[in-house]
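What follows are several structures.
Next come two complexes, and both contain chain A; in the first it sits with chain B, in the second with chain C.
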Partner chain A sequence: MKMQPAISTVNLTKRFGGVIATDGVDLSVSSGEIRCIIGPNGAGKSTLFALLCGIHAPDGGEILLGGRDVTRLPAFRRVRLGLGLTFQTNRAYHNLTIAQNLEIARRRNSARVDSDALRRYQHAIGLFELDQLTDLPARALPHHQLQWLEIAMVLAGGPDVILLDEPTAGMSPEETMQTASVLRTLNGMGLTIVVVEHDIAFVREIAHRVTVLHEGRIFAEGSVAEITAHEDVRNIYLGRA
Partner chain B sequence: MRLLHLVNGGEDLGRSRWFWIGFAAVILALVALPLYQTEFEASNASYYLLNIPLALGLSMLWGYCGILSFGQVAYFGIAGYAYGVIAGNLTETSWGPLVGSVGGLLLCAAVGAIFGYFVFFGRVQGWIVPILTLVFTLLLETFLGQTAGYQWRIGAVQLGGYNGMTGIPPFQIGNFIFQGYAFYFFALSLTVAVYFISRILMNAHFGKIMIAIREDVLRTETLGYDVRFYQLGVFVLAAMLAGLSGLLYVQWGNYITPSQVGLLPAALPVIWVAVGGRNRLLAVAIATYLLNWINYTLSEAGNQYAPVIMGALLLLVMLFFPRGIIVAIAELRWPWRRDVTPVSVQDRSA
Partner chain C sequence: MDTLGLLASILYQFGTNAAFLLLAAIGLVVILGMMNIINLAHGELMMMGAYIATIVTHRGIPFPLAVLLAFLLVAMFGAALERVIIRRFYGHELGALVVTWGISLIMGQGTLLFFGPFMPSIGIPGGSFSLGAYSFATYWIVLIGVSAILIAALWWIYQNTRFGLMARATMQKAAMAEALGVNTDRVYMLTFALGSGLAGACGALLAPTVSISPLMGQQFVAPAFITVVVGGAANVLLGAIGSSLLLSAVKTPVGLLFGAFIGTVALLLTALIIIRLMPNGVSFYLQRFTERRVGA
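Then we have the complex of A and B:
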């Protein structure tokens, strides 16, 4: 059975001056899927996310969110339609308390947070051990928990699809596996997850499918086993990751 | 009840019972001022007070939302001139000053909205905004400066070029004219009201979003907020508060000149706000009052270096108390202070 894509692109293209950061990308992530996006530095992974969520306007192509064309919508409208995103560098509000971070994240979208979304959020808050720390400024958190806070903030808005750009960067192997386990649980509760990740152990742990980006193009796509068995991908990308 | 909670939120100085007792004592001393000061001194105090709404607006715009403006005096001038024109033409009716005040505020809101619309909805880069606001106020000064001719007459009122507009009517409701002590009370109550409204606003969700935008525009937008809308909102609010100060200024002094929107007056509010502590409303209000008093005292003593001294003060404070001197004093470890966990939000950016 083929499900309707939660988020997809058609021939998506973005240039920065002479650099083609995104080159005719056709991506389709099914509802309920965990998709990992891998590729070497500068492959265009973050740019793809910036296009998906509306931070950059594409030079060509289309973006569909839940079947709806959102190509021309500003970022905040896409978020209100159920898209969430974390950045490659942590962008929780470091000077605000954890409670304030979560409150700001929750407030705007509170109308669209249904019981499933609320359950996912509360679940994550518990697993990330953020529920006891409300009055602490975010900057006082250890690195991995700061990463978790940003994920929790995104979940507070009740998204259907979340884009995570290297969520485990800088984490210890245990913390990375903990993150993987939380994401799997959230996915089991109905959340579609697209995640850019270098850590192949993490990818093995959670990915349903893997997309390999190279020089702005989709170089390969398939299950973890297919991708890791793929000779070129192995040589060129996994070796460097 | 909820309102009380918001008044006492963490986004401004002072939350303890002793703070509020001290606050009430200062307000009482200000209310009782006619008992121990002459009408002339009260009039000077009115002048120090009437700058506070402008400063509070800049504090919200810059200190809380991160948008620096050198152009607040433009709205000060727009409101002052608009009031002069409207009230000066409606001298037959006693409602002229009221209509002029409302007109001045509305004009500020409209100009602020148009300017803000192009800046924020055009997504002008943050660091260009202060320059644009400064250019706007200098253009206004230049424009007003060349209105000397007879053709620059609006009804019965002469704009007056660099000589400015004179004979602006004082504020009046019905037959009651606000002058001397009465004007002092008028300015005092407006200032206190603006302070409390601002404090409530900054402690409310709106204030949290201001801070969120200051901390990280992109993160805030990608949490679903239309950042432009909030930026425009606080910009218009600050423009209207600057307009309120402009209204009070012309109602107090009965004249205004283009130099009021010139380079030096444009820089002064930034100094008041920065020296006090830009993201603490009360610190800004106190600094505005004190610095205006110092400035007046210096220039009255025939000291033409008053601006230089103000500038030096800014430098020193920024060097040693980058978050503002009043804030620094307030955060000293007073022996009676027990609250050790700061729950409020601090802006640590340079």
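Then we have the complex of A and C:
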């Protein structure tokens, strides 16, 4: 029996005025996969991310979460169905304590958090070194740990799939590698991860498969080795395609 | 004995002035302080609560029940208002200001059309007592306690309940709250309803102390806005408590020495000076002070 993709899109399209930002995208991410979505500036990564999250409504096509059509559902409904979202700009609550930040998703979604998700969450706050700091206001954390806090906040809601938009933006190479290691561990515990990223070093560290977007379309798809060896992909990054 | 009476009288005046500011402001603390909506219909929501309490008390319903009814009905009205009109103006502060002004005009003039220019007030419950040459209304002493209880209850709701946490998350960063599974539309509606209900309940509580008329709400608007703005946004509840006590500490002695009118002028001048010297409001400094204490 074929496994249902964890998250997929069918002919997903979004226009802004005369510009087609997402042009008939068919994406399919298997359960348990780490998928990285890359592409040069203006390729449509952010729009695709916003469509998957429910920030923008598509003009055409479908978004399926575990086989269920969520195209018309608002973000919070998708989250309650098992999707986790983090944003490029950190949105942890600086005035709340770390415990309160983590509490929001946990109290909101406590009914749907199963034992696997709870194990992942508890493991993550340990690996992110947040478990000893719970009474500290979030604003006291350094940048990389704020990014980690945001991921932990999302995991507190017990998602099966998480979408991360440039989760290592602004981190040092060491912090980036540490983040990659935690994400690989969480993936090993059953979490499906979709990352929008342009840091190729980070992509090499974590991706099972890579989707390359160009001018709103899927330009290429394959393993990291296949994609990095792809002549046309190198050309679009250098602006030659 | 008279020194004791004088002291009690000063304390009583101080308490009633602070309680009045706090009762006028509590609904606005939620709607302006937390939701950042400049709600010019705040006075009319209080007026609506006062009318509900007055009408049902005249029909024999006990006054505490009338206050509860005012809370519930004005909260329901607020929820409907949010769904139909206010939600279209989030993030458009000037738009919200104009639309709530329009709502206030419709409510004021609508009340005038339906109920005429005046309505017989309800008597002040509880009578009065004397201490030496000074007389004190029991009801105002109750109101001082009730205003403290209301602000404490609001603090408790926002600190300790699931709704409070979801509401704080939504008001600070709605997109993130949504990403954590919070139905932010619903939180906005409930928060506006809570602010409206509190305005209605406070209008009902103040109803026995003022004349009941369609434009009565206007007398609460200035004190409410002054209390919330002087309090500042760093911590709206702490700010409202701080500013009502501070403004009352100015108004009370000046009022006792030079009369109520000069007392009000002093209050307005103080508000101007505080806003000029502390543009972030009293709560910013109170919060910094308490954090330093904790840090030390």
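Rule of thumb we're sticking to: the second predicted complex is superposed on the first by the 235 of 241 C-alpha atoms of A that agree within 3 Å, B and C clash if a C-alpha of one lies under 4 Å from a C-alpha of the other, contacts with A are read in each partner's own complex, and residues count from 1 in each chain.
Methods note: contacts are C-beta pairs under 8 Å (C-beta built on N, C-alpha and C of every residue); 3 or more make two chains touch, one makes a residue touch a chain.
All values derive from a computational prediction rather than experimental measurement.
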Combined model on chain A: chain C and chain B, fit or clash: clash
Chain B versus chain C as contact partner of A:L85, first or second or both or neither: both
Contacts of A:I104 with chain B and chain C, given as first, second, both or neither: both
Which superposed partner A:C53 touches (first chain B, second chain C, both, neither): both
First (chain B), second (chain C), both or neither touched by A:D135: first
Partner chain(s) touched by A:M153 [first = chain B, second = chain C, both, neither]: both
Doubly contacted chain A residues - partners chain C and chain B: 53, 55, 74-76, 79-80, 85, 87, 91-93, 95-96, 100, 103-105, 107-109, 153-154, 157
Sites on chain B touched by chain A in the complex: 205, 208-209, 211-212, 215-216, 218-227, 341, 343, 345-348
Chain B-touching residues of chain A, taken from the complex the two chains share: 53, 55, 74-76, 79-80, 85, 87, 91-97, 100, 103-105, 107-109, 135, 153-154, 157
In the complex with chain C, residue positions of chain A that touch it: 53, 55, 74-76, 79-80, 84-87, 91-93, 95-96, 100, 103-105, 107-109, 153-154, 156-157
Interface residues, chain C side, partner chain A - complex: 162, 165-166, 168-169, 172-173, 175-185
